[in-house]
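Shared chain: chain A. Partners: chain B in the first complex, chain C in the second.
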Partner chain A sequence: MTRRLGLILPILLIIGWEVVATIVNNPFFLPKLETVIPVLLSPFSDILGTGSLADNAIISVERVALGFALAAAVAIPLGIGMGRFSALNDFFDVTIEILRPVPPLAWVPLALAWFRIGIVSIVFIIFIGAVFPILLNTVDGVRGVKNTWIEVSSTLGASERQILTKVVLPGAAPTIWTGLRVGFGISWMCVVAAEILPGPTSGLGYLIMYAYNLGQINVIIAGIIVIGLIGLVIDLGFKAVEKRWFGWRGLER
Partner chain B sequence: MKILRITAIACIALALMLVVITAGCTQSAGTSGNSTSAATSATAPNGTVGILETAGVYPMPSLLATSQIDGYIAWQPVVEAGVESNIGHVAVYSKDLPPAGEWSDHPQNVFVVRNDFYAQNPDFVNDFSALNLAATQYINTHPNETAAIDAEWLAGGQNLTYGNVSVSSVTVVSNSLPTIAFTNNPSDAWKASTGNFVQALINLGTVNGYVANSSNQDAVLYNFQPYTSATAIIASKNVPTPATIQNTVGVGYLNAVDHSALFVAVKDWQYFNDTYGITLKPEDPTKAKPDVADFIVNGQKVATVNLVPANAGPNLMQLAATNSIQMSYVGVPPAITAIDQGTPITIAYPIDNLGSGLVVANGAPAQDWQSFAAWAKARSDAGKPLVIAAPGKGSIQDVMIRAALQDSGITVTEVKV
Partner chain C sequence: MTLIINDVSRIFTSEDGEKIAALFHISLTVNDDEFICILGPSGCGKTTVLRIIAGLESASAGSVTVDGMPVTHPNPKMAMIFQEYSLYPWRTVEENVALGLELKGMKKPDRMAAVEKYLDLVGLSGFERNYPFELSGGMRQRVAVARALAIEPSILLMDEPFGALDAQTRNRMQHELLRIWEKTKKTILFVTHSVDEAVFLADRVVVLTRRPGRIREIVTIPDVRPRDRTGEEFGQIRRHLLNMITEESELVQ
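What follows is the complex of A and B.
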């Protein structure tokens, strides 16, 4: 029942879209469904010389995966350290809080200057977007591990390494997973920002900007829909894992 | 029952949203009250016009189509795109803007080279320039092929859809080409025109460094040696084979009809190879926009060249400043500003002049500058001054439209959003 409830609003929105588009009759304001659907229905044919929707989507996903993996590789160990040792937390805290509100797009000129044109600068922008949610959630998750558990294992003679691997990590895992889920969402949002950089001639973000340059608003909307759908599918994947592995957290409450 | 109730509420909310949105959009929207609506006064007898600086030309057709501006001044193909999509018509092309004769050969895009790169690889740059000169000749003698190549590069040869109107990209380019003067000659007239433009930038305050403070601006801005050498190479048909370059060479460009020289050189590489012995052969010829090409002279590969597109000139100049690209096709304003800020590049020669246009909404009573100025005054009198979009403060189009308005006694105001 609840699954179907979630479908009602999208369907209403699509109907509403067609109604408004027909009444306003201005493709620059809102292209009609009939101009967007053909773009979506032929995801393997070239668009404006920039490649097909499918090809560009795959390229964007690859880039985001790379940036996201890098962010996780940096943020999780750092977060565990910061969560366990308050000195480390105090050391990094101010710097992180200064850097965190800066939107990834603001880093674009610097990224270009430091990392030149190419995949590195793109991955950097995505990394910047993803690293903070993962980091903060990891710190939070580690801090949130019940002290009782740590004390009990300590009493039973566990070493620091054993406490870390057998108590803290599994205990913090659900919150870390939430951080990863949020972080991926933000990485995926940074795709458009990252692909505005000079250099990339592929990717969904590039396709959207390029279509904008030529005033092809229907392609922009198709691109937006694809970005949304891919984000949805991946988020469902995260939720499925959460349900399978971390369902115990609900029981803890 | 609960699901019915939720659905009913959602429907009502959606319907309300639709009513509000539709009402807002179908009202006859004149330009909204962003500009200071100053009625014509004694200090502005011919009225005022607001200039809206957009970051580049790409938002302009949308803004005009949604009645947020009354017109825009831009470069190709955005001028032609506005016409083809039925959004508007061209009131006047840039060469006809007043002051009379001031812009009749105004510079638009140039080829710039990093000084260190030229010092280390003079033969390479001279040969590349010879290819540019040959490409410019090709554009002037093969307009149909050029239109097809440009359409392929810029839009995959596909149709551009604007609502119900679907127009071939070849048509859009074909109609753009005659408005542009493709030439590489840094003539005295060209230098004078560019000099006027530099002065305008100094007055605006956007140029205030090396160029502004130099006693010999020409020496700071230009190094025409590549042009001189290239002309000699083409005339004598004697092409020196440069030493092979190990590193990849970066060449920047914009996806604009003005930069056709690069597109034809790469797409019809066989022709240039056979005719001149110099060519840029794409490594993947199936791509609509190749990004890597081999620079081949007299049958020998000299270097791998990265073709790097950007959204705007300033991006290209930043890439040049960090040595990510060593040469670039770029608009004159970003080149001058970059040199002024100390970027170690010089302008080698123009790649095209003219090619900008003032597009106004369909039905606007402006068929030339006179009628446009009259319309500006009428709208000012009515308390709804015109808003014209220009691509960024200090751009050629921005400088031209301001000079033209001031020449007609119209006061220019800034529209801040």
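What follows is the complex of A and C.
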């Protein structure tokens, strides 16, 4: 029922869009639905000489995957260390609190100065966007591991290493997963924004910016829809894993 | 198997550098197969005694030895059962019970044989695949008992294990524990603040004073089992213990 209720607004928006587009009758301001749908229905045909929607989507996803994986590879081990050892936390905490509020896009000029235009700069921006939510959630998750859980294992003869792999990691996993999910959402925003900036010649962000330069508003809208759908699908994937593996969260007794 | 607690004291240093004595010159020799209850008013340090024996905390002075070997770390000859929240919510019942054996590197078929044996002993056959949140409080404590027994310790350390259960479940668990104790011939140290529980279970009741906890008296309970909770003889012992506990509690306030 709630699903159906949620569908009403998108349908109204589409109808409203079509009505306004018809009244305005200017494809350079608001194109009609029927000029956008063909773009979406042929995702594998070339658009304006920049490759197809699918090609550009794959490029964007690959960039995100790279930056996101790097962020996770740094943030999860560091977060576990900070969550377990207060000295490590004290050492990094101030620095992180200073860097964290800086919007990822504020790093763009510096990234360009350091890494020039290209994949490294984009991956760097994505990394910055994803690393903090993953890190903070990992620290939180590790701290939230009940002391009794650790003590039970240690009275059963667990080594430090076993406590880490059998208790701390699985105990913190649901919160770490939340961090990954949030971090991924931000990564996805970052990649599109980074691709819109001067430099890149591929990716969904580039595609919609290029379409703007050519006045192809229908391609922009199609691009935005694809960006939204990919983000949605990946988020649903994160949620499905959460439900399947971490359903115990909130049910500790 | 001999457990000797020799002149153990524990002093905490508070945040403003003040030294607070929690335990004061505790000495006790525990015999093989004996059931000892440690009884005292809240905050007297009875849990601290148990944690020092378990090797989870260290004594400021004095020593704990098992068969002549000083205890400095958790020792697989002893297993501890906590008051609550000790099961791993991401593990099924059988995976919880098998944990100690898994940590030792025992092969899965052998682990499962042991799990079956101990789940049967605590009356939980058929619940192997359930998760802790699907069980009642009493059942969860049975799992915790099975998990502790599975590593085949000689001593069970129990920290108010039935404290969170309702009165009926608590009585039933006390019966069950005595049955398991008679069958497995373990030495049990059982911390409680319930006089009834101590009189029903113990061979000897060690009464601690208010903080800093000292041994006020060690009361030997006549070796009659099963015990009549309402019998005349136990009534007198109960009254004697209750008077001591009331006195200690009142001195705190």
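The rule is short, and it goes like this: the second predicted complex is superposed on the first by the 231 of 253 C-alpha atoms of A that agree within 3 Å, B and C clash if a C-alpha of one lies under 4 Å from a C-alpha of the other, contacts with A are read in each partner's own complex, and residues count from 1 in each chain.
What we mean here is this: contacts are C-beta pairs under 8 Å (C-beta built on N, C-alpha and C of every residue); 3 or more make two chains touch, one makes a residue touch a chain.
Bear in mind that the values here come from a model prediction, so they are computed numbers and not experimental data.
Novice: See if chain A has more residues touched by chain B or by chain C, and give me that chain.
Specialist: Of chain B and chain C, more residues of chain A lie in contact with B.
Novice: With the two structures laid over each other on chain A, which partner does A:243 touch: chain B (first), chain C (second), both, or neither?
Specialist: Neither chain B nor chain C is touched by A:243.
Novice: In the superposed arrangement, which partner chain does A:100 touch: chain B (first), chain C (second), both, or neither?
Specialist: Neither chain B nor chain C is touched by A:100.
Novice: Which of the two partners, first being chain B and second being chain C, lies in contact with A:117: first, second, both, or neither?
Specialist: A:117 contacts chain B only, not chain C.
Novice: I'd like to know which partner A:149 touches here: chain B for first, chain C for second, both or neither.
Specialist: Touch partner of A:149: chain C, not chain B.
Novice: State whether A:201 touches chain B only (first), chain C only (second), both chains, or neither.
Specialist: A:201: touches chain B, not chain C.
Novice: Going by the contact definition given at the top, which residues of chain A touch chain B in one complex and chain C in the other?
Specialist: Shared contact residues on chain A (touching chain B in one complex, chain C in the other): none at all.
Novice: Sort out for me which residues of chain C touch chain A in the complex.
Specialist: Residues 54-56, 74, 76, 78-80, 82, 84-90, 99-100, 102-104, 131-133, 137, 140, 147, 151 of chain C touch chain A in their complex.
Novice: Looking at the complex, which residues from chain B come into contact with chain A?
Specialist: 3, 6-7, 10-11, 14, 17-18, 21-22, 25-26, 58-59, 61-62, 65-66, 81, 85, 87, 152-158, 160-164, 250, 252, 255, 288-289, 291, 306, 308-311, 315-316, 318-319, 321-322, 324-325
Novice: In their complex, what parts of chain A are in touch with chain C?
Specialist: So the residues of chain A touching chain C come out as 146, 148-149, 151-159, 162, 166-167, 170-171, 173, 246, 248-249, 251-253.
Novice: Looking at the complex, which residues from chain A come into contact with chain B?
Specialist: So the residues of chain A in touch with chain B come to 1, 5, 8-9, 12-13, 16, 19-20, 23-29, 31-32, 35, 46-50, 109, 112-113, 116-117, 196, 198-199, 201, 209-210, 212-218.
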